[in-house]
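One chain, chain A, links the two complexes that follow: it is found with chain B in the first and with chain C in the second.
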Partner chain A sequence: MNATTTGPARTPAVELRQLSHRYDSQLVLRSVDLSIERGEIFGFLGHNGAGKTTAVNILTTLIEPTAGWASVCGFDVVTARSEVTQRIGYLPSDVRMYPHLTARENLEFFAALSGLVDVSTAVSETLDYLDCGPLADRRVGSFSTGMRQRIGIAQAIVHRPEVLFLDEPTSGLDPVGVRQLRETIQRLNRELGMTVFMNTHLLSEVAKVCTTIGVLNHGELIYKDTIEATTSRFPDEASLEDIYVKMEATSAGAAT
Partner chain B sequence: MNDSARRILTLAKHEYRAAVRSRILSVLLGILVSVTAVSVFIASVDYRSQVADYRAYVASAQAGGVQRIAPSPLRPLSLLRGATEYLEIIGAVIAITLGYLTIARERTNRTLTLLRSRPVTAGELAGGSLLGAVGIISTLVVVTGTAGVLLAGLVGNDWINAAQAVRLGLAAVSAVIYMMVFYCVGAVATARSKVAASGLMIALGIWLLVVLIIPQLGDTLDADNQIPGGLFKALGLNREGETQILSHFHTYETTRVGIEEASFAKHYERFSFAMTDVLDKYREYSLSQLLHEKWHDIAWLVVYPLLALAALWQSFRHQPTIPTGDLQ
Partner chain C sequence: MITTIASHQILALRRQRVFIALLGILLAMTALAGVLGWSSHRTIVGVYGEATRLLAAQGQPAPANPFTLKPTLALLSNMVIYIPLIGALLALVLGHLSIADDEAGGVGRLVFSRRVSRNTYLAGKVTGAAAVLAVILASSLVVSATSVWIVNRTVPTIAELGRLGLFYGLSWLYLLAFALIGMIAVLATRSKPIALLSAMGAWLVITFVIPQFTSGLRPTASLNPIIDPVSTSQTFFKVTSKARPFSVVEQYKTVSGRILETAPSEPMAQTIARTLPLALLAIVLIAIAAVLLSHHDFSRGAGDE
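Moving on, here comes the complex of A and B:
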């Protein structure tokens, strides 16, 4: 049931080198260098428009960077797309799945596309693992946001990826849903050994679930360290939120 | 079966299931079968009396000891003329809508990003969608055709024979190819547009031009069509005389024929009408004679789909995966 670790030996789960991306005239990622080891839960923080989703879009092979290099499990996201997509799971923000299909049918479809041979066993195991059994044979179109998010996670892990990318996973969830999701992420990391790369702008999530954080500000990576190191580096700050605000303010001051 | 073929088949089944589950297939079938049934029924009522007349003639000729009985001039396939025309006009709109929905559905559900983050290539996505659409469109054509034949047999009291069934099968294949081209038009226009509804409008504009305007232009500009019954016939000119006169209008005729040739709909119509006995002059042709006579239309029925397939593949390769507004 564990995600099997493959790819070139001792390579980081995710690596970015001088990664830049431009949409028309707007530079949204500026020479980002980042390395995330296997087994981490990485929280990628930043304000709206900081470039977090662009980074995830590059890492999940949806777009190609305009400059620099990125790899997942040691495989180049541009030249080894197939190798990368076999090793990742992805849950974009506000995904709706196929509303006319049941949860099980949605999962079977994505499992088959991922190349699984025993699709129905993998789907049943995943539904059980995430306690989604009662939702299995209901059409996704009738689901609440929280239910849809659980099925979204299920489609992302049905093929047991090594790295799981989550883009603003708690958006639209109620407090109970947020807590369930947090527990699910921790279980996936602890029990299945998945590396988790989570985009968010909610600091409470990061503080409770992540092992490492990175802060992106206007396309530049201004900070990266473990949660413990971060809180000990900023001992005077009351919360992670204060630390984050201070980092962004420091970065803005340095820029001017 | 290799991994790529398996993924294409998975995508195709998914496309077909989406059409069935969302009731699109049943609604479209309902529309096509209804209009076909009405047209075949109306044509069959008059046809039935012609069949009765012919059978009465055969019976009286046999009773009178006549040795050479004239073959029946009646062709039950010709009762499907309305079905062919509906497929040409409404079928094209239906196919465009299916192509539009293929892209719009993925965008609305935001599932395109999920698909592209799997080990699926653009070619496999295009192939799967296309194969699924072939299944949906074949279902529409086969059910509509079968309903038409059954109705023609029951109401018109004349059933098609094996040779006619083969020609009907070829006409059905041409209808599927014809509709698939418009499916590609709908999918390509939608994939190329940032707003899916704009793509649908562009595709319907192309439909208007190719199916309604261009074929009409060609017909309207034809000198022979200026008088009911034919201008050259009214002038007492045979084919040779007609050719001689038209040679003085070479540029005009070349332009007019060029306009007609540009319409894929015209080629489909010519081929289908020939196969379903709509045109009197082809009624005594054997299948091989028919195919030989219609090779020009067959060639266009191959060229246009190839162009459409190339455009579809290109569109899936370059289609923006990320919805507008999610760029950062």
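Moving on, here comes the complex of A and C:
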């Protein structure tokens, strides 16, 4: 059941070196250096348009960087795409999946695309693991946001990836849904040994679930450290939200 | 992986109401083609019978009934019109849905974050579309053969079934081109409505506009498979009619007419040559789809349209 750790030995789960990306004339990632160790739950913070989703799009092999280098489990996301895609699971924001198909049919499709042989067993195990059994044979189009998100997580982990990328996973969820998602992430990390890379705005959740955070500001990584180190570095701030606001303000001040 | 994508596409299309509705219309029109053929034949034979009685009353001999020599499959002649009209629309929708569904739900991001290359994806989509069209046309063939059986009160011969098979094989190739146009339109535009409108625009041009130029503006050329047009005196249309071999709808109708024996006969080599532009079009469209797909941005989300 556990995600098996593979790839070149002692390599970080995720590594970015001088990574840059440009959309037309706009530079959205600026020489980002970042390393995330295996087993971490990493919270990637930043304002809208900071470049978080672009970074995830590069790491999930959807787009190629315009400069620099990125790897997952030691494999280059451009030159070793096949190796990378075997090892990652991805849940984008606002994904709707195939609304006319049932949850099981959706999962079977993505499990088969992941190269699994016993698709049916893998899907049933995943649905059971996430307590999604009652949703299995209902069409995804009839689901609430919370249900859809659970099936979205299921498609992301059906092949037991080593690294799980979540892009704004709490978007549109009610407080109960947010709590369930947090517990699911912690279980996946604890029980299946998955490294989690999570883009999010929900700082209260980051403080509860993440082991490490990074802050992206206008495409530049302005901060990265563990949650414990962060809170001890900013003893005067009451919450991670206050710390984040202070970092953004400091960064803006430095820029001007 | 190709079969996974193809079988998934078939499953997804089975749940699409628009597609099912168009499929129902096509099959109903197939049955209707038989009824119309039977009805027109019965009317003509009735008129012949009435004329025979009038001639007999006047003590004049009646000529032999020429309509008994009419080929059995001629009653399906309307199918040659229905396929480019309804069949092509169905194929456009099929091609459109097969890519647009991945775009609309933001699912393309999930597909391409797995071990799926762009070429595999395209091969899966084309295979799925080809399989769906094959099933549709096989159903249509069964309806046609049943119509012929009921109307003529005799089971179609092996030769007639062979001709029907050839006709539907040609129709499959014709419709596959339109399914590819539906896919290309989605890959080339960023909006689903514009993609569908563009594909329908291409259908209008291929089905109605080009035949007007290549047949010298004969008003019925866009519908009926007429060969040897009356020559036009306008130089412009004399020039444009030189492109007639590349008017795929005209070539489709002519070849179909030959297969169903409703069009004048011609050497077999000439009939085969008429199908080449259609095969060439399908190959060119696959190449265009591959190029567009290689540059397509699947990282966009469901709400980015």
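We adopt the following convention: the second predicted complex is superposed on the first by the 256 of 256 C-alpha atoms of A that agree within 3 Å, B and C clash if a C-alpha of one lies under 4 Å from a C-alpha of the other, contacts with A are read in each partner's own complex, and residues count from 1 in each chain.
Throughout what follows, a residue touches a chain if its C-beta (ideal position, glycine included) is under 8 Å from a C-beta of that chain, and two chains touch if they have at least 3 such contacts.
Because the structure is a prediction, the values reported are computed rather than measured.
K.L.:
Evaluate whether chain B and chain C can sit on chain A together after superposition, giving fit or clash.
P.N.:
Overlaying the two complexes on chain A (C-alpha atoms) leaves chain C and chain B clashing.
K.L.:
Applying the document's definition of touch, where does A:96 land relative to chain B and chain C: first, second, both, or neither?
P.N.:
After superposition on chain A, A:96 lies in contact with both partners, chain B and chain C.
K.L.:
Contact-wise, after the overlay, does A:245 reach chain B, chain C, both or neither (first, second, both, neither)?
P.N.:
neither
K.L.:
For A:50, using the defined touch cut-off, is the partner it touches chain B, chain C, both, or neither? Pick first, second, both or neither.
P.N.:
In the superposition, A:50 contacts chain B only.
K.L.:
With the two structures laid over each other on chain A, which partner does A:28 touch: chain B (first), chain C (second), both, or neither?
P.N.:
In the superposed model, A:28 contacts chain B only, not chain C.
K.L.:
In the overlay, work out which of chain B or chain C sits against more residues of chain A.
P.N.:
In the superposed model, B touches more residues of chain A.
K.L.:
When the two structures are overlaid on chain A, which partner does A:62 contact: first (chain B), second (chain C), both, or neither?
P.N.:
both
K.L.:
Who does A:229 touch here: chain B (first), chain C (second), both, or neither?
P.N.:
neither
K.L.:
Is there a shared patch on chain A that both chain B and chain C touch, and which residues make it up?
P.N.:
Residues common to the chain A contacts of chain C and of chain B are 57, 60-63, 82, 85-86, 88, 90, 92-101, 105, 109-110, 112-115, 155, listed in rising order.
K.L.:
Could you pull out which chain C residues touch chain A in their complex?
P.N.:
So the residues of chain C touching chain A come out as 1, 4-5, 8, 11-12, 15-16, 101, 104-107, 109-116, 297-299, 301-303.
K.L.:
Could you list, by residue number, the parts of chain A that touch chain B in their complex?
P.N.:
Listed in rising order, the residues are 23, 28, 48-54, 57, 60-63, 82, 85-86, 88, 90, 92-101, 105, 109-110, 112-115, 155.
K.L.:
Which residues of chain B touch chain A in their complex?
P.N.:
So the residues of chain B in touch with chain A come to 3, 6-7, 10-11, 14, 17-18, 21-22, 105, 108-111, 113-120, 321-322, 326-328.
K.L.:
Can you check the complex and tell me which residues of chain A touch chain C?
P.N.:
Chain A residues touching chain C: 57, 60-63, 82, 85-86, 88, 90, 92-101, 105, 109-110, 112-115, 155.
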